[in-house]
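Shared between the two complexes below is subunit A, which pairs with subunit B and subunit C, respectively.
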Partner chain A sequence: FFLGCGAQICRKSPMVYIAIVGKGDVLIYEAKLPGPSSGKVPPENQLQFIVHQALDSLDHKTWSGTSMYLKQVDTFNKMPVSAFVTAGHIKFMLLHSSSLEENAIKQFFYEVYRLYIKVAMNPFYLKNTPITSSAFNDRVRTSARNFFMR
Partner chain B sequence: MSLHTKMARLGDSTFSTMEKVNSELLAMTYGALVTTLIKDFQDVKVVNTELEKMGYNIGVRLIDEFLAKTGVTQCRNLKETAHSIAKIGFKMFLGINAEVTWGADARQFSIEFKGNPLIEFVELPEKFKNLDYSNLLCGVIRGALHMVQMVVTTELRKSELKGDPVSEIYVTLKQHLAEKFKGEDD
Partner chain C sequence: MHTLFCTKYVFNSLSEAGYGVGLRAIELLSFREKGCRKERSIIQMLNFVRTTVWKSLFGRPADDLQISNAKKNEYYIYDNDPVTCKYISNSNAARCAAYTAGIINGILDAAEFTCTVSSILNNNRMVFVIAFTSKVIARDSS
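Now for the complex of A and B:
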């Protein structure tokens, strides 16, 4: 399975993948964001699977400390998965290249947290449903560009 | 000092003496109210009407607080009424500055405002694009004016939620009512 995809993933393209997972491991947002070039980019259909795999280590790490930023919780093919858990247990997960600075990731997560709160305060938004707001999408992308493309 | 400047000052000073409530709490309470109405009635048009009715009930009571707190006496003409609502009313109850623009004839005017605290955080989903979210405010104006013997119709013409740069409530005066007193010898 992994040998098979080795042939496909030798493109160098700027990519960072974010997924927001709610209660019951429901995916409520995902996006491929601008970011520093990663050596190997997993194909589209694997992204969700990778992030899903990391959920177990994430759950384990959540209770190991008191901060919301969990740093790296898992690795896939040398690409780290970093995570952030909100007070309401909404998980932000980022699949990125190892060259990305921890500080940048932390600040990016806090920015996404702020944006998520704004969405959650919308009376028309039901918790744990997919986030369809285009404003949210645009702002997440702008944040990624600001923090990851320096 | 022009009358309008005096009104703006009165609005500001009354606002500073009013008891305040957290605007996020207000926005979220109103949001919960609107979404519950939508869940109950399902139909956007009915919800719009209900919001207006609720506003009307608020307006008939609010006018007394307005007159008591500001000490404003009878307005001489519709222009003064319009400016009282915009400069004093909106300022003291919502904390926002509103402008009056005059309509097609002497009996119609618009109140334009930005930064409505009720719509904080709100994003209208596509299926509710015909929802007049702030319709409560239209009802408040209609109710308040009814108590001072003016029958008006109000309409939420523009809304920041629908992409317009400002929100606009269009008011049309239908008729003045004569004061009715109960006959003493009945």
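Now for the complex of A and C:
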């Protein structure tokens, strides 16, 4: 995991953090997205650790069912971590506030899945490498705004 | 020109090319055909390969799926008429099924069913021998 150079300030701005993790716990994509207004948000340098910590319970839950959307796999200071595992076992993890509706999270994950498939279909994109496409980034942010800012 | 075609390198490259196709095929087909469900057991996964994948790639499901009697980690997928070997006018035509073997390998590896896949011609049918690692078998039986 690459450590971001985040400040120690605990911002109060509403935020949702998404991380896409590939095989071998390699971070492929991460973003802080606009979210519904609610409590505190962990400092930046803790975000990756929180998501990393949730990977164990995620692995356990992946093999207990056939659905891709695994609702909540872990919590950190009352902030749930929701997860979605694709057929190719790429994990989308979302750290958000508990006020976020499950349906909104599910729709958001399906939208990100659609966008991820478009990236993966590119024959020049190697699996498990960072996603650098700006179009992907923009569309993830737009769908976060559509689903989370209500 | 004939000798160049017969080297192992060609068939390994075919396998690798198929691997990339397999990685992409599983994501796309799970989304389109399976309605965002992922498979949990070996048999379910192989049935997915046998029906959905084969239908979308070759237009028909594969002919048969069997488990080996002797070795518990080997499964066989049969294909009577492999498309990749059809129009090759060379004695090594059958080895071109390495491409399809690569596709199967990519699909199973992506779904965390690590295995090795090889293709053998047997009684005029192409057999894809899928050998899973012991970890996968242990996970499947639990």
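The rule is simple: the second predicted complex is superposed on the first by the 138 of 150 C-alpha atoms of A that agree within 3 Å, B and C clash if a C-alpha of one lies under 4 Å from a C-alpha of the other, contacts with A are read in each partner's own complex, and residues count from 1 in each chain.
Methods note: a contact is a pair of C-beta atoms (placed from the backbone, for glycine too) under 8 Å apart; a residue touches a chain by one contact, two chains touch by 3 or more.
What you see is a predicted model; the values in this text were computed from it and never measured.
With the two structures aligned on subunit A, subunit B fits next to subunit C without clashing. Contacts of A:123 after superposition on the shared chain: both subunit B and subunit C are touched. In the superposition on chain A, A:89 contacts subunit C only, with no contact to subunit B.
Of the two partners, subunit B and subunit C, it is C that touches more residues of subunit A. Contact with subunit C, but none with subunit B, is seen for A:66 once the two complexes are overlaid on the shared chain.
In the superposition on chain A, A:78 contacts neither subunit B nor subunit C.
One geometric descriptor of the composite model is the angle centred on subunit A: between the Cα centres of subunit B and subunit C it reads 50 degrees, in steps of 10. By the touch criterion defined above, A:110 reaches subunit C but does not reach subunit B.
After superposing the two complexes on chain A, the closest approach between C-alpha atoms of subunit B and subunit C comes to 8 Å. Common to the subunit B-facing and subunit C-facing surfaces of subunit A are residues 121, 123.
Per the touch definition, subunit A reaches subunit B in the complex via residues 118-119, 121-125, 132-133, 135. Interface residues of subunit B, counted against subunit A in their complex, comprise 24, 27-28, 30-32, 34-35, 120-125, 128. Only residues 20, 23-24, 26-31, 34, 36-40, 110-112, 139 of subunit C touch subunit A when the two sit together in their complex. Considering their complex, residues 63, 65-69, 85-89, 110, 113-114, 116-117, 120-121, 123, 127 of subunit A touch subunit C.
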